[in-house]
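Read through the structures below before going on.
Two complexes come next, and they have one chain in common, subunit A, joined by subunit B in the first and subunit C in the second.
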Partner chain A sequence: MILDRLARAVDDRLRLSPLTRKALAKVFPDHWSFMLGEIALYSFVALILTGVYLTLFFDASSADRVYHGAYAPLDGTTTSAAYASTVRLSWDVRAGLLIRQTHHWSALIFVAAILVHLVRIFFTGAFRKPRELNWLVGVTMLLLALANGFTGYSMPDDLLSGLGLRIIVSVVESVPLVGSWLVALGLGGEFPSDEMIPRLFVTHVLLVPAVLVALVSVHLAMVVRQKHSQFPGPGRTEHNVVGARFYPNYTLRSVALFLWVLAVLFALGGLVQINPVWLYGPFAPAQSTSPAQPDWYVAWGDGALRLFPPWEIHIAGHLVPAPFFPGVVLGGVTFLALYAWPFLERWCGGDRRAHQLLDRPRDHPVRMGVGVMALTFFAVLVVTAGDDILARLLRVPVYDLLNLLRVLVLVLPVLAGALAFLLARALRRGDAARLGELTRADLRAARQPADRGDAEAAADEPELPAPDRPGERVELWPDGDVWRWRYRDEPAGVAILSNRAVLTEQEAAESARLAYPGVDHVLVPGPPPPPLPGRVRTALRRWGNRALGVSLLVAALRQRRDRRRGGHGDGPDRR
Partner chain B sequence: MGVRTYRSTRRWWHPGRTVVLGAALALAAGPAALAAPVAPTPSGSAAPAPNGTASTGARGEELFRQNCASCHGQQGQGSQRGPSLVGVGPASADFQLSTGRMPIAGEIPQPRRGEPVFSAEEIAALVDHVASFGGGPQIPRVQPGSLTAGRALYAANCAPCHGAAGTGAPLTNGWIAPPLYDATPVQVAEAIRVGPGLMPVFPSQVLTDEQVNDLTTYVRRLRAEHLDRGGNPLGRLGPLAEGLVAWIVALGLLVAAARWLGQRAGE
Partner chain C sequence: MSRRARVPAAPPGVNGRIILSFLTSAAGAIGFAVSYGLGGQTQWEGGCLAVAFAGLATGLAIWGRRLVPTGGYVEEHEGFTPPPAEQALTAAVLTAPDSPIRRRGLLAALGLALTALGVAALFPLRSLLPGDRTSPVRARRDTPWGPGVRLLTAAGRPLRPADVPAGTVVGVFPEGGTGAGDAPAFAVRLRPERFTRPPSAGHLDGLVVYSLLCTHAGCPVRLYLKGAGRMLCPCHQSSFDLLADAAPVAGPAARPLPGLPIELGPDGYLRARGDFTAPPGAGFWSRR
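Take a look at the complex of A and B:
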């Protein structure tokens, strides 16, 4: 009641209701893979929440500071203020370690979820026109996420992250002509500079997060503006989106996912140790530790540095340091390829149409092959970053393993890519619905060139107007003051209700024509009765209610019995 | 030096002899000897006979003849199968025997830590016998030292190979710097002074006895579980193990959650 009046008061002044009504009626597709990006979004929220807490205690300075606290091996040791405050956060600040670990786990999940989301977008072709812009924004966010992960990881000034920072600085120094200038510019001097940690801090908590928040907003705004893409299916065309309304259905689902993300992140933060900087000790340029790896999302760079042979390459008489190629060139090419992919595909494939319906991964074997190849390549690089751990587990010499990985990194991606290409092609042409049903005959049949006309027609099929498809119709009916409509395909057993009520019949007909062009309209007297709930569900609900009632009764009886006993028994308990 | 000790054990065994002696061992000593393999002896009897009357020196010599002399020679002068023990000293012998690295079980490049084959008295007798060959550092006397100083010394001298968290790490050519969690303070001090395997020797000119005390105190502390304040340490293996957990456990759970939520919606 108060809320209602408040809402009215706000609406009188800001006139928000048309906008809100439109926003609440936005439709989200039901398929689970559309929620992967949301995992990243909610990890980002968790990052900001926990990060704010950490800034209250973290001292971003390389000035000397004597640590006094609960961690005995460092008690009374002079370290940098950044390191001392991180150890204090971990051992002496209430809930400090939980929040610090949750922050770190969130960072790992954030990047992982971005990657999974990117893989989904890539293999389903969701980056095609008109969504290339959003792909660019997304790739930029991935880049920024990597950067922010790395700066955050380096800030505590512990031994392990100091080694990582040293490696990155060396990679930047290897850039011909400008490398050492860039380093001097970035660090304000030689490598372990006093400016280093404050600058990392400002980048980590202000610059990159601000840009990220802006880009997340742009990313989501574009999704709203362009509407969601969706998988093809009955009733789903290039002109509509089939799914759940934002409120209440999707809101509930999204909030549930948010709580899941928080639950998993905090559970990890409380139960699984991550980055125990107190064990690693403060960074000193002359010290090192082993095994030493970076966080997984930059491990591919580390792996590439380990794999690249120690060649001395001269270009125009000047030595180009070896880290330049696996470090700068590989990273640059990777992100360039990511940025360019939508345009490359359009240019090579010649498909310039706009697409609202997604591909199934199998629909585009070349894309499938290239994607699997790239993923395998980077997976091998990440594994290489752990070559020392792996060598110890397998009890083989580490250099033998490295040589093996040098071969694998070239061979395995090609094999995996080719296999993926062949399987996708066979799946597309054959009758097998899934990978397990694929037969050798399918593979063989895929080798013959298919008649292209058939494939083209199949791809265009949902776009065809459908007046001649029997059983398909749009039903309109008045519902009190407003009009509603729904799409119905009787043979397929599909009925899709429009997400918004409109004021006139004409408006309803127009919106129906927009979503289902060419489908016949029918006026019906009223809304059809809701379908009966399934038998299992009804039984479950009935039994659930009964169980609840019985347990309540039992609880009440037990409480009463306890109270009676307590009344007769010893007094002190009752207080 | 210890380096030579290990390297020369490589071509130490003849395969045929292994089979013959293994069979002899099994017959003579039964399953107990197989469970805790020991180096073969000339007489073929591996189980050290109980000997209450003889003096420690005689006991040590007997044990040496039975278990060590086949490779290291009757007088510890070494042979084609094992290095000389003249000049290695009691600290080295005690380290190798009490960590179960000697007697060596088979032809492996680097003996790994295991249960010691001999009892404490037998080890003491053997160490005395090896000491009688002359030379080498004595078994260090370890006392509690300073934890903070130990941490700093550890970071500067030990962490590059054994890892800042004491997990150990691989070295070149299939060798590893072992994890330090099972080592007793005396064994740590012995390793510092002796330098077994590829480990460098740290004589008293480099690390004073006090510094060794500090180091052993810190290494002892490293194994303490309450240092893993944050929960399951994942073997203290660092970021890649953490990344694996993030992908498999966390992202697995979250994707499953998304799938579940999506499926519920489709109903």
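Take a look at the complex of A and C:
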């Protein structure tokens, strides 16, 4: 009653109801891969919520402070205020450790979700016109997420974070001409400077999150304006979006996903220890630990630093030190390539049309090959970041392993890329629906150069309205004082309802004409039976259940392993 | 329109499952509050909170799946190639004769003023540089070591040659600059006849002092492999042969660890004869 009056009052002043009606009926495609971006979004929300709580206790200063508290081994020692407050946050602030660990886990999952989301966008060609801008925004967000993860990791001023920071400083310092100046500008002095932690803090809690919030808003606004792309399927064209409506179905589903993300993050934050800085000890310029591995999303850089041979260049009496290449050049090239990809593919492939229908990965063998090559390359780098641990596990000398990895990092990506290219071609040319059904003949055919009549050639043809296939039609009917319509393909057994009611028959006919150009309209007397729950939804549910099971299992296993390692798996108890 | 219509009956069992999920969630929330109140046990707190969220999530998911229409809707997509006439109309508004963007001269002056303002706004960035106005390159080359600076142990005591028995590595710091990031060094006693290359900074009966900072990316090289006379960096596994003037022998480091020339002071303690033989730590442009 009150809500009703309030809604009317607002509408009388702002006239929001037409917009609201349209927004509530917005259609979201039904495919699990569309949840990846949402997972990233929701982990970001979790990061902000937990991060704000942390700022209330974290003391971003390198000034001396004596720690007094429940963690006996450090009780009474003098460390930086940053470190002391992090230990206090973990041991003496109730729920502090939970929030701190949840923040860290959210960061790991945030970056992972962005990355998997990016991979999905890449392989399905969702970055093509008209969505190139959103690709650029997305890559920028990945960059900022990495930066913020790193600044966050560096702030507590523990031994590991100090080592990581020192390595990054060295990489920045390796830049020709301006390296030392950049470091001085960033740190306000030589490493480790007093300005370091306050500046990291401002960057971490204000600058980067503010830009991220702005970019997330732009990103989402663009998705709404451009609407979702979708995979091809019955009744799906370049002129429509088929799926679930924002309200009520998608709202419930998406809020449920948000809560799932929170559930997993807090379960991890509570049950699985991460970054126990009290065990590492405070940063000291003359200390280091072994093994020293960074968070997973900077592991590729660490691996590259390990892998790159000791080659340095001297230019007119100046030095370009080795970390410049795996650090600055590799990072720069990676992100340049990511930024440039949509435009590269456009110029090289000649496809300038707008696309609302996604590719299946196999539809574009070159993209497939390049993508798999890049992923393999980075996977080898990530493995290299653990070469010391791996060598110990395999009982081989670390330098032999390093030499092997130096070869693998060049050979494996090429092999994997070529294989992916051939498989994609075989899948596309043959009739196999999936990888397991490929025959030898398909593979042999894949090695021939492309002939005309291939889908590659078909891509050059101009876009035509959907042909008027027999059995396909649009049905319109009056429903009380509003109009609705639906699309039917009788032989295929497909019926898709329009997402909203409209006031006139013309309006209904107009939207049907936009969604299914060239399909005949017929007037029918009454509303047909409601649509059935889709196969996709069932698959989605099954996938979700399985993912949940696996993640619980992994968490349980980790917990057990940590506990076996001498009780470090248990967080501190306090009373 | 359908405000007055009756709420359709839920399929059997669905309401029950949803209510059960929400009740589980409430139990989780209460569990969290209780565990916090009793002193806060991280595992309990996290677990209960997870149950609270998961319960809500399950309930809403069932609700969304069973009690409301799911997929099978279509929305038209009105394409993004604007009709040329429409584009022309917008362009006409923007470029009308009296439009600001037609006054080229004024625009140029405006551009000039904005550029000046933009450049001027960059000047305060300089304040981010170190306050003492020393050139970063200078600062990077100089360390607190210098002629006559005594070697201190980590505990802050001056070092005598006898404090470094054969086969041990002792971390050393400059007196009056123990906190500096680029100063840490280590002293180690080797057998002079095993030297394959004489230490560039000299030695006192086999006692040599080198910078502790890896020449790859600056991590402290903390692992001493006694038999081989090598120092290993834990960060990316560079190893340095102390018998060959700390030359890099494996891993990504390309330059030897800089040595510190030392002598015995009149007071019987070790002291430096000067700075490191090269700037310590990672390489940089002006290092040479």
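Observations on the model:
Simple rule for what comes next: the second predicted complex is superposed on the first by the 507 of 575 C-alpha atoms of A that agree within 3 Å, B and C clash if a C-alpha of one lies under 4 Å from a C-alpha of the other, contacts with A are read in each partner's own complex, and residues count from 1 in each chain.
The rule we apply is simple: contacts are C-beta pairs under 8 Å (C-beta built on N, C-alpha and C of every residue); 3 or more make two chains touch, one makes a residue touch a chain.
Computed from a predicted structure; not experimentally measured.
By the touch criterion defined above, A:Ser174 reaches subunit C but does not reach subunit B.
In the superposition on chain A, A:Leu443 contacts neither subunit B nor subunit C. Shared-chain residue A:Leu412: touches no atom of subunit B or subunit C.
Once the two complexes are laid over each other on the shared chain, residue contacts for A:Leu215 go to neither subunit B nor subunit C.
In the superposition on chain A, A:Ala322 makes contact with subunit C only, while subunit B stays out of contact range. Of the two partner chains placed by superposition, only subunit B is touched by A:Ala299; subunit C is not. Look at A:Glu312: by the touch rule set out above, it reaches subunit C but stays clear of subunit B.
Between subunit B and subunit C, the partner in contact with more residues of subunit A is C. In the superposition on chain A, contact is made by A:Val398 with both subunit B and subunit C. Once the two complexes are overlaid on the shared chain, A:Leu185 sits against subunit C while remaining clear of subunit B. In the superposition on chain A, the residues of subunit A contacted by subunit B and by subunit C overlap at 30, 97, 101, 243-244, 249, 253, 256-257, 260, 264, 268, 270-271, 286-292, 388, 398-399. If you check the complex, the residues on subunit C that touch subunit A are 1, 36, 39-47, 49-54, 56-58, 60-61, 63-65, 68-81, 125, 128-131, 136-137, 139-140, 154, 171, 173, 179-184, 212, 216-223, 233-238, 248, 250-255, 281-288.
Chain contact summary for the complex, subunit A toward subunit B: residues 30-36, 38-39, 72-77, 90-91, 97, 101, 104-105, 108-109, 112-113, 116, 159-160, 243-244, 249, 253, 256-257, 260-261, 264-265, 268, 270-276, 278-281, 284, 286-297, 299, 382, 385-386, 388-389, 391-392, 395-400. Subunit A contributes residues 25-27, 30, 94-95, 97-98, 101-102, 130, 163, 166-167, 169-171, 173-181, 183-186, 188-193, 226-227, 235, 238-245, 248-253, 255-260, 262-264, 266-271, 285-292, 302, 305-312, 317-323, 354, 356, 387-388, 398-399, 402, 480-482, 486-487, 495-500, 511-512, 514-515, 530-534, 536-537, 541, 570-575 to its touches with subunit C in the complex. On subunit B, the positions that touch subunit A within their shared complex are 147-148, 150-152, 155-156, 159-161, 163-165, 167-170, 172-174, 176-177, 218, 221-222, 227-234, 236-247, 249-251, 253-255, 257-266.
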